[in-house]
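Across the two complexes that follow, subunit A remains constant while its partner is subunit B and subsequently subunit C.
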Partner chain A sequence: MSVNYAVYRRLADLARFALLAAVIVVFLFPFLWILKSSFEPSSLLYGEVTLIPTDVTMAHYERAIEIGFLNAVKNSLVVAVGTTILTTGASLLGAYSVLRYTYPGRGASARLILLTYMFPHVALIVPMYQLASTLNVLGHPVTLIVLHSMLALPFCLWILQAFLEDIPRELEEAALVEGATELQAFYHVTIPQAMPGIIAAGTFAFIMSWGEYMFAYVLMTTSASHTVPVALFQLLGSYAVDWGLLSAVGVIATLPVLALFWLMAKYLGKGIAKGTGAV
Partner chain B sequence: MGISEYFPVERWRRGRRSWDRRTLTGMALMVPALVIVAIALIYPFLGAIQISFLNIGTNEFVGLRHYRWLIGQDVFWAVVGRSVVWTVANLALQGAVGIGIALLLHRHFFGRDAVRTVMLIPFVIPSAVTAISWQWVLNASYGPVNEWLLTLGLLSTPVNPFSEAELAFPTVILINTWRWAPLVALVVFAVLQTIPREEYEAARIEGAGIFSEFYHVTYPHLKDSLLILGLIGFLLTFNIFDLIWLLTKGGPVGVTTTLPVFIYEVAFNLRNIGRASAVSVVLFLLLVVFVALYFRQREFKESEFA
Partner chain C sequence: MTDECTPQGDGHRSSRRRFIATAGLASTVGLSGCLFTGNGGQQGGANGGAANGSGDATTLTFWHQESVPHRVETFKRFLDRFNEQHENIEVRQEPQNWDEVFGKLSSALEAGNEPDFMFSLPAFTMTFQSQGDLVDVADIVESVDGERDLYDNTVTPFTYDGGTWGVPMWDMVFLDHFRTDTYGNIDTWPAENWEQWLESAAQATNAQEGRYGIVLPANKNLWTTENLYTLMIENDAYVYGPDGKIMFDTPETVETLDFYKRMFNRASPSEATSWGWAEWERSLLQGNAHSTIGFSSWIRSLQETDLADSFGAIQQPPVETGGQSRSVHYVNNIMVFNEEKKDAIRTWVQWMHNPENYGEWLANLEPTLYLPVTKAGENADSYWNHELISKYETMVRTQFKALPNASIYGFRDIHTENDLYIPSVGTLEGSHVLAEIVQQLIVNDRSPEAAASWGQQRLQEVLGVGKSEGL
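This part shows the complex of A and B:
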């Protein structure tokens, strides 16, 4: 039995690795393909398909900078950082409020926030556009920051609620006994304890904001205010499709979130698992 | 001593005051989140409801005219059906792929953490980049997939899946699954890690095979998480607009037009914002009914959503 079992185990392991390798290839292939294309001279792009480029050029990246794509990167950074700060702050306070206080309307407020995922966001465009144009904030990052915060808020709230639940109340109470005010206890005890959750929520909000297309497309009306997804998609229409340029721009559009994700992957993974109640 | 012992007014006053203060603090902490939702969701939501009863050009009240219009539209019901197919197909595929990957990762091996991180990349990539890279990869003239399928003899002529009426919808569903399955895998994997080893050992001693083991040991642990994921996933998937729009704009010949895409088209291509808002309100009501039924069916722990 033991020999057969060992063979069986070996085979099962092999099958598992083969499957996993296939999964990873499929998951990474599209990005690796535009990464490759972004360095390939146009003459090769439209010829025979090769996995490794036979010649390398920076021309597509130079062109991307020439057409001012970095301005879109800057806009997206402003919006995404703003969204991250606003969402993380609001959801940290909200989660703390739900867990530590009782007051009339607590459950209703928390449920109200679930509405965010029930209403078709397409339908918010027109009233939002009218509001922004009345307030004269069309094309202003603040408009998009508030909308993106709305989109990220429920999930960040769940993440932070799950993390705050794990902090023993006694820690805060000890600080109060030592003579700290509630605010001091929150700042010096709760926040440091909740840091992994705060990082997870912030990373989630950043990734979501960075990639959002629809609201950005409708509300960032001037080309100077275009965010990365909008500027990227503009290129698909306005030029005779230049896949080298599109690839380079796609790579530039991905690198900032990819870098952030790489640094924060541990927290984000835990945050998503906790936020959905898995652990 | 004395009467104050029976009527401790001072303590009541203090007690109530401090209760009041805590109540107020609790409420105040909720304010920023509520303000965001009020500005970016409630206000435009009420606006959309209002618009659904108006003729947007003249601002005159037209009652249920837009609603009557859409109830009579075969296109509308076709779109509703397509949205259901879209959502169910996505959730089923994401569930199957996600659980499959999580099971592959279940036993520890060298490099598992790296695989777990790398597999999340599709979720991190902006949907606009996802759209462009898949369009390039599947490009009929210069894309690698067509080239390889031609070389292998699986295709006789190059195919652009985004412009073929039968292929476009499945292709978009698969790309969306590609994007979200990693997240399901992540959550399922986290649950799997919490299952005590003894339960598997006990099942093995009783001679359970792989499937019986999954059904009797793994699945009961997964059930709660899958219910929550299913609910969030249903709402998010039903409302997906970006990826579909960026890949196909709802085409060709409308085969990828789900409700959100339909709303966009009615509002901005047909320029009938009143009708579009009516569709949105109906969609919202459908989702409300769905969520209500879901909550009635399943008993959630109070803490999950409140």
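This part shows the complex of A and C:
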């Protein structure tokens, strides 16, 4: 009986592993294909389809550097890091304020912020452009940082509220009894406890900003200020696509997000699960 | 206190906090740097870009949708050359995307921050002209015509409402491209009429071997719209009638849809119902599709394959033997927004149309796709000297032969003869209604009659141009 059970468990583990492996292959396949295409000479891209490239070249990556794609990566990093800092800071303070203080309109304002998440972004393009133009900040990364923060804030606020709710108020009160100021209690007690949520919110803000196209295209008016999605989309011109180059920049564009996921996966899963009420 | 509250791994937390603080500081410093270097968003238009600080120099900012790197580099090469030769004018390019440029331009115009001029197409131009955003460029067109002899049908799509609203810069035309190794062995090729064309494509097809006589699309996109419309042009089928009302449901349209459906079913890959331009190009370059009607846009990529010497081109076969071959063409123009800088823009346009620059510019921008719109350009050595133009000279000469009989939505014979002004052509092109009709025909398997009737209703609904209420 116990032998049978052990065999059964082993088989079940094997089946689970096979299923997971199949799912991973399905999800990774497009990326692996892009990776493969980015190292293949153009002549092979139009030839017979093979899983392993028969010839390898760095020409597409060299071309990506030559056309200044790294400048777009730099711009995206500035915007995404700026958005992450601004969004996590604002949403942490916002969530803390909503949970810990009482003031008129507290609940309504929290719900109103969430409502903005449902507002169709396309309707904001013309007013945002006009505002940026009036303030003379078109093509400026700060414009995009503020706008991306506005887009990411509701969700981050939601995640952090869920995290802060779980931190016992008594911990902060104990710190206050020990003589700490409110700010010190917030910094030394609340923030460390909420760190997984802060990281989850920050990762969400970073990824949202990194991949946002519409506002980046409209507001970043010069080629020098283009972010990764805009620079990438520029390669899909009318009646001409360099597939090898497109694959190479696709790989470059994915790497920072991939690295971030790799580093933050544990916190991100926990944060999203808590934010959506799954745990 | 800290130790009590965060007893575990405090050292890690401290270093993490230090890292975050450092990253934050670095970002702030970086952003501050950007504050002084990032703002390059100033366009021309009402708000600025008039001078570059030297007092007399004029800065021109223009938008174009040729955003792929080799075209941007070609533009840059010519702009550098122009700027070097003209001390008082500095021209700057800002590449855009066709898909989103409408929203961006509308926003820019609303804010008075539009470019000084912009590359465009007839329907797009008419949309902005109808909003009163454009400057009449009749004088620039006259000067180019006087010096370089512009082809009439490149100017026609911009002449309406008492002015000329676009300066033609290049043209593109549909041809029937075919594999010489396959079609060369078919008796009915080159086809003299549509039935022979259908028969030839069917003979070239062997679906089991993954070989298709033609690649015809049936997806909701511009490529499908163009494929149907080029056949409609050939068969005297119209979207707009001579009075500007929708005139889609006609015997000619039904006949065209019938041909489209039979050709698709007999010779085109069935997956083309979900294909876009990329899949179309790939099917040609991988040797699956053995012919296509379309622009000669893929010849540059073709050089990467071993099929570079295997393609020829003819004008689209006429409906009946002895009939006239006709097709769709897209003349690209510049539209001008800034009256005050018109003189500088004229100088730039004239310089670009100078055959020495013009031929080389178009040949390098996209060889075999972009065609000169002037007699001087067509005869320019700088154009024909390009390696690919010279290699595919017969194909390019065929394009020039096709151009005089080519036309486009809203600017067909019955429209220009009646001096019609149809601002909804922009909506027609952008809405992909013609492609939707093809989907009804192929995917939903409607009869040509039913699809034509459905199309009439849909066009009236989308364009807001009724059968009875007129424009």
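As a convention for this text, the second predicted complex is superposed on the first by the 255 of 279 C-alpha atoms of A that agree within 3 Å, B and C clash if a C-alpha of one lies under 4 Å from a C-alpha of the other, contacts with A are read in each partner's own complex, and residues count from 1 in each chain.
One rule holds in what follows: a contact is a pair of C-beta atoms (placed from the backbone, for glycine too) under 8 Å apart; a residue touches a chain by one contact, two chains touch by 3 or more.
Everything numeric here is computed off the predicted structure, so don't read it as measured data.
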| item | value |
| --- | --- |
| Room on subunit A for both subunit B and subunit C (clash or fit) | clash |
| Contacts of A:31 with subunit B and subunit C, given as first, second, both or neither | first |
| First (subunit B), second (subunit C), both or neither touched by A:82 | second |
| Subunit B versus subunit C as contact partner of A:114, first or second or both or neither | first |
| Dominant toucher of subunit A (residue count), subunit B or subunit C | B |
| Touched partner set for A:98, first subunit B, second subunit C, both or neither | first |
| Which superposed partner A:59 touches (first subunit B, second subunit C, both, neither) | neither |
| Which superposed partner A:232 touches (first subunit B, second subunit C, both, neither) | first |
| First (subunit B), second (subunit C), both or neither touched by A:125 | both |
| Which superposed partner A:175 touches (first subunit B, second subunit C, both, neither) | second |
| Which of subunit B and subunit C A:45 touches, first, second, both or neither | both |
| Offending stretch of subunit C which, after superposing on A, collides with subunit B (from 2-10, 128-136, 272-280 or 416-424) | 272-280 |
| Overlap of the subunit B and subunit C footprints on subunit A, listed as residue numbers | 45-46, 122, 125-126, 130, 214, 233, 236 |
| Interface residues, subunit B side, partner subunit A - complex | 22-27, 29-30, 32-37, 39-48, 51, 101, 104-105, 107, 109, 115-134, 136-137, 139, 141-144, 147-148, 178, 182-183, 186-191, 193-194, 224-225, 228-229, 232, 235-236, 239, 241-242, 245-246, 259-260, 263-264, 267, 273, 276-277, 279-281, 283-284, 287-288, 291, 303-306 |
| Of all residues in subunit A, those that touch subunit C in their complex | 42-43, 45-47, 63, 67, 78, 81-82, 85, 122, 125-126, 129-130, 132-134, 136-142, 145, 171, 174-175, 178-180, 184, 188-189, 192, 195, 214, 217-225, 233-242, 245 |
| Residue ranges of subunit A in contact with subunit B within the complex | 13, 16-17, 19-20, 23-24, 26-31, 33-34, 37, 45-46, 49, 86-87, 89-91, 93-94, 96-98, 100-107, 109-128, 130-131, 146-147, 149-150, 153, 157, 161, 165, 182, 207, 210-214, 228-230, 232-233, 236, 243, 246-247, 250, 253-254, 257-258, 261-262, 265, 268-270, 272-273, 276-279 |
| Subunit C - residues contacting subunit A, complex | 1-2, 4-6, 13, 23-24, 27, 30-31, 34-35, 38-43, 47, 65-72, 94-95, 97-98, 100, 103-104, 106-108, 110-113, 277-278, 281-282, 285-286, 295, 297-298, 300-301, 304-305, 366, 369 |
